[in-house]
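In this document, chain identifiers A, B, C and D correspond to the written order of the chains, with residue numbering beginning at 1 in each.
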Amino acid sequence: MTPLVLFYIAGAFALGGAVGVVGTRNVVHAALFLLVALMGVAGIYLLLFAEFLALVQVLLYGGAIIIVVLFALMLTRLQEFSSGVMENKQWPIAALVSLGAFILISVAVARSQGGAITDRAGPGVLLLGESLFTQWAIPFEVASVLLLVALIGAIVIARSGEGEP
Amino acid sequence: MELAWLAPALNFAAFGVVSLFGKYLPGKGSFLSILAIFGGFILFGVVLADYLGQKEDTLSFSRTWVELGVARITWGMIIDPLSVIMLGIVSFVALLVQVYSLGYMAGQERFGWYFAAHSLFVAAMLTLVLADNLILLYIAWELVGLGSYLLIGFWYERPSAAEAAKKAFVTTRIGDVGLLIGILMLFKATGTFEMAGVFAAVEAGHVAPGALTWATILIFAGAMGKSAQFPLHVWLPDAMEGPTPVSALIHAATMVAAGVFLVARAFPLFEAAPDARMVVAVIGLITAGMGATMALVMTDLKRVLAYSTVSHLGFMMLALGAGSVPAAIFHLLAHAFSKALLFLGAGSVMHAMHDETDIRKMGGLRKKMPITALTFTIGALSLAGIPPLSGFFSKDEMLLAVFDGLSPAFLVLALVIVLFSALYMARLLFTVFYGASSPEAEHAHESPSVMTLPLIILAAGAAVVGFLALEVGGYEGFGNFITSGHHGFEVNLLLTVAAVVLALVGFGLGYAIYVRKALSTQALMGQFGWVHKLLVNKYYMDHAYQWAIDRIVLVFASFIGAFDRIVVNDMGVNGTAETVKRSGFRIRYLESGMVYNYALAMALGAAAVALFWWLVIPRIG
Amino acid sequence: MNDWLLFLLVAVPLVGGIALMFFPSRNYPLIRGYSAAVAGVSALLSVSIFFAYDYTAAGFQFTNSFQWLPVLGIQYSLGVDGISVLMVLLTGIVFITGVLISWNIEHRPKDFFVHYLLLVAGVYGVFVSQDLFFFFFFYELAVVPMYLLIAVWGSSTDFKTFLRTKEYGALKLMLYLVAGSLLVWVGILAVYVAGQGDSFAFSDLVSREFTPGFQRFFFPFFMVGFGVLAGLWPFHTWSPDGHVAAPTAVSMVHAGVLMKLGAYGILRSMELLPEGARDWMPALIGLGTVNVIYGAASAMSQKDLKYVVGYSSVSHMGYVLMGIATLDALGVGGAVLQMFSHGVMTALFFAVVGVIYHNAHTRDIDVLQGLAKRVSVTTALFVIAGLTSLGLPGLSGFVAELLVFIGLFRTYPILGAIGVIGAAITAVYILRLLAKVFFGPISERWQHLHDASPVESVAAGALATVLIAVGMLPSYFVRVINSGVLPFLERLTGA
Amino acid sequence: MITLVHVQVLSAGLFCIGLYGVLARRNAVLVLLAIELMLNAVNVNLVGIAAFVDHSKFLGQIIAVFVITVAAAEVGLALAIILRLYRNKGTTNVDQLNLMKW
């Protein structure tokens, strides 16, 4: 199978999952559709020589984020999510704007010189890890601090106050 | 001769000193004013003697006052027959009037201020007659107006006096607008304010005829204002609210003559613009006719004299329009003496009658105050044109000028006016001084000598100045003097006889009506009721002006005022603020609080920026 | 020494005002005396600058310059020419008389004088700055104290049909002046950037070439921006309302000096953008004509003394604008002299109106009547101001207006004629006012009215003396103006 | 062959679907999921650019790593906020949370 066919398959997963996310009425289904889309994206990563990112994508999104979302859904009342209109009043405009934006970006991309480039290449995980811990060490540490702060913040916000259920 | 500038300067100085320090001086400083004007009179003598000895046509000298770019404004004097004559008239009458005022104004509040204002007026008037350029003339012209304003409004506590002062200033100011515009038009055309330069340019034909005609008519507008010509004559009768000596000086002899003087001074312009001269003649005739007819019916002593003045000024303008400067100036001279005399006489009567001015309450005063009566009679006869008094000579010259210079219709009407002027003078004279003594006149008494002395001097003048017209021996006559020998007075016997006969008829008619009661005034009034009503109401011109001021000027002004407050301010300015406020109230509803609305706006904005960057920037960059 | 005169001129009221902040606020005589001393020194400085100015040598004199922010080309450079030196003199005169007129301020006099001194420092700064940045800076410095002075020490008046509070007047004035200054600031920045963006110095920018299109586009920013300040119709309404609300001394500075600042700004900006100015002059002269007639007609219909004087200022500023717009030596010279003359005259007007208001507690023309009987000094001073206003010869207004008229007749004769008619309308409303307020029988209510106090009489009398002196002997003033105006016009039309 | 255009169009598609989700959905959790889609679209783009044009070939991936990190933090916080909202307001519908208005 040529990479292009693989690309189309992965892209179909990604886009199909995405449509499912925004189309379904059931929130849990939406979360699962998101998982499908994310896996599609992971496939794309693989095709673009980003093995490490593909791995992170599967582990972090598939294993962590979706689970957290499902936990959150369980903590709120489920029946509210699966019934009634899930779109707000401006959804037609939103659809138009989205479509317009898509056309705009696509045309812009198609008119650019990027179409001629077919020469794909990747750095390999080794080089990525090296530079991440040398050249990008400080941003990396900052990101870890950010995660810590977000963690604490999430706990503080979500924790029950005095006398709350 | 160069000393002539001292005459106005002395009086300006007197004004300054008396107005500032008058209350610390003995006699409130009045003596300073009188000294100043006496100095002016002496200077007149000196200048006259010099002039006659020198035998030069004119002499002028000037000092620069303001110089900016091409415009040079100077203080300058011109000494020619016209200015010498005017210098004499002004200083002489002013001197007598001030002396008279010592008696008349005795005990008045603001006695010193009266003399200060008098000095200011005289100084301005002397500057006016001596000015050698149009701007200086205009300056003096305005200051004369100021002096008049201050003096008419001397008794400013009286609302009528305050009103009259305002009316006089505003009305003359309307004429002055024309004068200034005319002067500036001439400056634009000739590039100079010097009268000699302007006249030379006009004579050389450097000024377009159309512009010249308009400029000349506008200059005449100034003269119309000051000389109380129709339709700007309305201020003069009201100006009688001022003290009577003021009326004698300003509103009989000097300021009102300024217009005549101006036309005479600027006569080269009028000669070059025949249309403008025709305007002068027509306006003069209308004014003379209106003044004479209104003088027939007024019952206020001073107003009769005022309308008589209007009429005579109109006559002078008529003569100027006919092209005769000497006749007009000669009548100006004769009229100045006679009318100042009449006003001072009227003042003497009012002094005796406790400021009563209604002639119907007077009568038989001849016995109570003989000097006043005699001098008044001389003045009245002179103005009625009875020979051999001065008015006879001057009127004769004017009629001759009309005969020579204008169509016969003017002459016929002028003769009718001569008849009228004799009639109203007779009416005044007989009603006040002759006939039965009225009860109000019982306690009248002759005025003090400080007042009667000027009367006698003026009466003498009024009686004899007419003879100046005659050519006797080496003296070549007034006409030749004023025109430097170009235009002597002539005599047309037929015209003279006609004028005298008409004057006598008028006087006789007056005698018949008011002394012999051959004709009842009541019957006349009954017969010509509407005419009488028209005349008593001054041709309804005051009404018309009042209506115009109330309904047009003030309404326009309050319209603009309201427009400014309501449209410009409340709608424009506050409206802008209100619009911002209201639109803020409306626009805030765009802030729905719905987060996806904001997100949509963001998306649209981002798309707009992208489109702009992609489509617009490449084209304009 | 001469180089420092202008520096001192600005520094004395500025430092004086700041120092006054640290005075004890209860010691009224000290505060007054100190303020009068500062004003006196500054008036002496301005008089000496005026007479030390050498009119035979044209151009900017007493120049002095300090680098302030060289990166942007901003420097604190000072200098006066024949036009601004007259404005400096005017400011000095109005300054000292304003302090004297405010002698009896009872409400927080220290703060009043602090603001007043800062206001005057700003005005001085504008007239002597030769750098557009500082020009603008001082302009803004003048606006802020103005707002506070009106909002705190002003007076609110109920006109039956509408109400004018001091806060309204102050806010309106502030908004207008700031809006005007914004336009000016846009213009200044445009000129700065288009002129290579390396100098705010006036002398540098004048020599830069700007394209005709640029000039045409940006000149209106200056014209309208400064025009707002000069009372240009239809942006004039802040001025009468500001006067009605303002305390006496502020009205004096406002009408006497601040409005001149606008006309002065227009003159200066004409030099920056000569071609644009030439194209826009017909518009300016048209609006100036409207100012003259409209202001006079509005003044005629007013019932409040301050409104009358306020609208007459609008009318008289019309002559200034018309004169400037003639681009004729006589017209522009007359306009500059009119700026001076009107400044002194209107200061005198407001001083006298302030005295009347202080004593009678009303400015209503219908209520005041026959005052001349009781208050002769006040009356005499008001009459002098009124006669100047209607252009009576012998007083300064006549010379100025005459020169403007001559200039107009050389360029736009029809508008010149309208201008002359405007002067006649002025006569009508001034004389009506005199007849109503001062003449006629005095009513019972004013039998015990007080005349101006000695201090007030001296202050107003000094202003009247200036009016008479300039009216009698204008030649020195005209020569000084000439030395500024003629090179100005050469630069403007010779380009 | 896969070209950059393929990748970019895919990324655009994901992004715009996510955008629709953000703009059109009422439920806060669904909005959050749509945001995740958008973030992934960005990552796809970054990685694509890295693969095709970036000379060092890994800068885009590094930034994508950081994006994922931040996305994780964001999800955690956002879900905490949604829980909090649900407790306080009894709903997670964003159109009932319109306190921030006039």
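Operating definition for what follows: a contact is a pair of C-beta atoms (placed from the backbone, for glycine too) under 8 Å apart; a residue touches a chain by one contact, two chains touch by 3 or more.
Not measured: the values here are computed from a predicted model.
*Asks:* State the smallest step count from chain A to chain C, taking one step as a move to a touching chain.
*Replies:* Contact-graph shortest path, chain A to chain C, evaluates to 2.
*Asks:* Taking mean CA positions as centres, which chain lies farthest from chain C?
*Replies:* Here the answer is chain A, farthest from chain C.
*Asks:* Could you quickly compare B-C and A-B and let me know which has more C-beta contacts?
*Replies:* Of B-C and A-B, more C-beta pairs in contact link B-C.
*Asks:* Please report how many Å separate the Cα centroid of chain B from that of chain C, as a whole number.
*Replies:* Taking the average C-alpha coordinate of chain B and of chain C, the gap between them is 37 Å.
*Asks:* For chain A versus chain B, what separation do you get between their C-alpha means, in angstrom?
*Replies:* A distance of 100 Å separates the two centres.
*Asks:* So, what's the distance in Å between the C-alpha centres of chain D and chain C?
*Replies:* 63
*Asks:* Please tell me the distance, in whole Å, between the geometric centres of chain B and chain D computed from their C-alpha atoms.
*Replies:* One centre to the other, that is 94 Å.
*Asks:* Indicate the residues of chain A shared as contacts by at least two other chains.
*Replies:* 88, 90, 93-94, 97, 101
*Asks:* By residue number and range, which residues of chain B touch two or more other chains?
*Replies:* As it turns out, chain B has residues touching two or more other chains at 594, 596, 600, 603.
*Asks:* Where in chain D do residues touch at least two different other chains?
*Replies:* 19, 23-25, 94-95
*Asks:* Please give all chain pairs that are in touch with each other.
*Replies:* A-B, A-D, B-C, B-D
*Asks:* Where on chain C is chain B touching in the complex?
*Replies:* Interface residues on the chain C side: 162, 172, 234, 237-238, 241, 294, 297-298, 300-302, 311, 328-330, 333-334, 370, 372-373, 387, 390-394, 398-399, 402-403, 405-406, 409-410, 413, 416-417, 420-421, 423-424, 427-429, 431-432, 434-435, 438-442, 474-475, 478-479, 481-482, 486.
*Asks:* Name, in rising order, each residue of chain B that touches chain D in their complex.
*Replies:* Those in contact with chain D are residues 588-589, 591-596, 599-600, 603.
*Asks:* Which stretch or stretches of chain A touch chain D in the complex?
*Replies:* 2-4, 7, 11, 14-15, 18-19, 21-22, 27, 30-31, 34, 37-38, 41, 44-45, 47-50, 52-53, 56-57, 60-61, 64-65, 68-69, 72-73, 75-77, 80-81, 85-91, 93-95, 97-99, 101-102, 105-106, 109-110, 112, 114-123, 127-128, 131-132, 136, 139, 143, 146-147, 149-151, 153-155, 157-158, 160, 164-165
*Asks:* Under the touch definition given earlier, write down the residues of chain B that touch chain C in their complex.
*Replies:* So the residues of chain B touching chain C come out as 64-71, 73, 135, 138-140, 142-143, 146, 149, 153, 156-159, 161-163, 165-166, 169-170, 173-174, 176-177, 180-181, 184-185, 187-188, 553-554, 556-562, 564-565, 568-569, 572-573.
*Asks:* Show me the residue ranges of chain B that touch chain A in the complex, using the header's touch definition.
*Replies:* 594, 596-597, 600, 603-604, 607, 610-611, 614
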